[in-house]
């Protein structure tokens, strides 16, 4: 029976290609994010999918070489950096629970004295950025974040889309509200403009699916960089980052993502999702249309199909 | 290196015993639930831990043969039953997202037209019970739930603690509020008294850690009953029940449980927790003292230790 | 100038008749309450207006002799009774602030430990009814409320519409939710069924505009019954009941009513409003169509016109 | 009896003096506002009370000539100005209902699309300021507000306490949050910094009780300036401003103020309250200690005593 099962084992490259082909044909793509003017210009028909397996093999299909704005996917990497710098002290200013509200809600902050519920909603990621910034100039902090991503993806060409950063800086009133609100409770240590400046810029980092899937590998391998074998984070910390991605990585659609896809993942309003199959693969998908929770609509469906075909659920 | 790793593999029985010994000594046990008068009488120093491995071996320590009120742990089994009866129609009356609020909160219901966020908060479990009840007499529905548990645990001695059921029936005003509130939105099909009668009684089922760990085995084995090899639920459904336990199984402490323990689990205010290590083990722990989120304080700590020592996280 | 002003003084009878004529012609009548099935049967074109002046003269027009369900207007009289029995002890279980939410909201109760914000939202009126009930049988308490209204209106024919009471008893799940919720916080002293039984019945009292305007006279005269000269309540208490009517008498439309009409008033979902011009007149209006806040749409417009034409604002 | 009543008519000057004497002796003064550092420096034992009667007579006692920061009392005057400029268009961006929440709550804004509930909570007053600012430079708008107050009070010496304005500008993060939040919904037309600059400065206007009572006279006289006889606002508008003061003038203590004092009033966290007895008197009181709702504790008690002794309730 084991042999039979092996015989039926699907070929990853074929699966990835089939999914990309199917997704490119689907008409129900959701709406491209419009609240940041610059993001609204993206081509809604784009679709890319890259899987980097545990052994380093890469399966890629679709628009895999087109850089897109990673937006909130960057929060996985800033969380990793901030935990490396502050350790468990980070949890003084941000919680670890799903929020039960939209990504930019301010209601929860009022109820809970300005402490955001988790590092993956906007308020929480702003608090994490504030921790990274402490003791540095904004420019230095941003440089550190960017170099960390270049290092993880083994690609020094990764950069920031300044037009997107400027667009959000001009129009991100909701984030100004969140940051000032936390500041009023003493949760932020740095000037609001500094913290938000770094935040807007790291959200505006542009990456391809290829680069993003590479950057996620350390979460597949219990915190080790598979290229060098060096530890990026301790194994326990890697597990915990995965846990947070599972419970909080898709805003108020996190339960649905866990239910359907069964893998830790983090989405961004640019339409990207990074998903991790622990011990098996790092996956990046990109489709700009969003569902009502602000997550990539086809991205989630592609991941659901991929996980089912490959048998990659963490739940059995 | 693999051999070395195997050599260091901890012995399950020793681990279980050590944990039970340590937990019995800890003074910081949390508070026993007092809102149901009958529950307040339980011995706060009780502690039991049972692990049923994938191969059927059992490791048990502490008060493993003492029946306790499983309370909300029963929601895993009523959800399984209801999905078997109603299939995905169940999701018309209950969602799949973490709630971001305490177990008995009514606020979310007002915002979301009487649809509870998930099947594991009280309101959601009442809606699930209502689905099981449809077309039956309360007595029949309750019998079905009880027989399902007896079947899963292979133990026909499992019964209901009528004193606890009566105590909750007399004093469960908050649940009467939740049920009537949902009824006002048309979410419940049956008379409130019928639905709550069944709900209070299935929460009052008394089980030992031994019985509870046995009953959870189908979630370890992708929905199959390991004793008979028969399917209890489809593999995909078993995974999804595990996913819901992970994101929603500990009320507003679900994120923390995922972060620290890294396994799907469901707690009850009686102090019990059922946790699942997919493919590896079904685990039941019982310690009556609760933390501020209403979950067993030492139960969670014991599971965190067990998972770390055995390397059982689903996150890598 | 004073003479001129007097010469221009409008004739009350003409004003009342003109308003009723205009209101009968208006097509924009709002929606008749449908959440109590029995109330939905009422004729939406009905309109009645009665003013009882300080000197006892009566100006009436329209359907003034048709009894309608006074619903929440009864809360003015139960508050008066409860204050007479419990005095300021009543305020242990109910507040005095506008609610900022719809009439049947339960959210505020969760935030404030089961204490309703004021006696004129449903939860608050249930708490007031509970106070009246204490130490009595439901039948006695209800009899006391009914006799109080008969006494104030000088009309022993006032009775309860049993069909409406039974309709609400069968379908008033939201009120069952509110009452059980308060009970869970220990705010209600009596069994929920008893308190709600009395509550549903006093809301189902049927009165004509004529009777209602008569019953409100003591609030015009600083608490004195103008017929007998006897004190119904102390002057200070009469002022305070008027104050509560102004700030809380129209649910989440109370600010709008104060802004537009400028008189204390209390509305009911049966379409009735009792308004008080202190020292000048007691006014009852009835038009069954409601606005989005649950207040009589034409009733409010009629009162706005009446107050403006007669110069009866309390605000100058 | 009327004669007797007249004979018993209390002498205003004596009443005012007695109240001031009593208030100066009371130890229970509440807490001075500390959230604006500069305000925390004020002498907590200060107390002033000034009544300007309808005939122009002035009764004053205590620290009547000491300027204090009027803070939110300024909102009465900015509302008056904005209504003069925008008329009923103002109500597109601000409501007229009590908020049911603290003065600086942001929760309501999320539920209601960034539209503040009324012009007297912070968010509402910021929206009103934004309306005054439209088409002007901040400096011009501020000059207009200041001149309006100087005109009403007949005192050109009224000015702005720049230290208070600067203190709030540096630390008013909560107000920055509110303004950015409204801006994200498109409720504010001007740059957030401009609108808040004007807002912080008009809140920092310093006035004596004497000046404040003079400035309130137009609300006693149906909108007319009693000195010149000229109309400041139309009678209906004056009534409506009084109505808003009554229902919303004391944040989440507005119901209590209406219940106890029975007069329209507006408080500020500087400890000042302006109260209006329509047709009778304009009253300013100042005592820096605040109650838990953020209103002057002794100020409210003084007004309650004054209104009771003078028989000045608007409720009968």
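Lettered A, B, C and D in written order, each chain numbered from 1.
Here is the rule we go by: contacts are C-beta pairs under 8 Å (C-beta built on N, C-alpha and C of every residue); 3 or more make two chains touch, one makes a residue touch a chain.
Source: prediction; values computed, not measured.
Q: Return the chains shared as contacts by chain A and chain B, ordered by label.
A: none
Q: Stepping chain to touching chain, what's the minimum from chain B to chain D?
A: Between chain B and chain D, the shortest chain-hopping route counts 2.
Q: For chain C versus chain D, which are copies of one sequence, does the interface use mostly the same residue numbers on each side, meaning over half shared, or is it different?
A: same
Q: Measuring centre to centre with C-alpha atoms, which chain is farthest from chain C?
A: A
Q: Between chain A and chain D, tell me the centre distance in angstrom, where each centre is the average of that chain's C-alpha atoms.
A: 48
Q: Whole-Å distance, chain C centre to chain D centre, using C-alpha means?
A: Each chain reduced to its C-alpha mean, chain C and chain D end up 31 Å apart.
Q: Could you give the separation in Å between the centres of chain A and chain C, each centre being the mean of its C-alpha atoms?
A: Between these chains, centre-to-centre, one finds 55 Å.
Q: Could you say which residues in chain A touch two or more other chains, in rising order?
A: none
Q: Quick one: in the complex, what on chain D touches chain A?
A: Per the stated touch rule, the residues are 105-107, 109-111, 173-174, 176-181, 183-184, 192.
Q: What part of chain D is in contact with chain C in the complex they form?
A: Residues in contact with chain C: 95-101, 108, 117-118, 219-222, 235-236, 238-240, 242-244, 246-248, 252-256, 258-259, 262, 264, 278-279, 308, 313-316.
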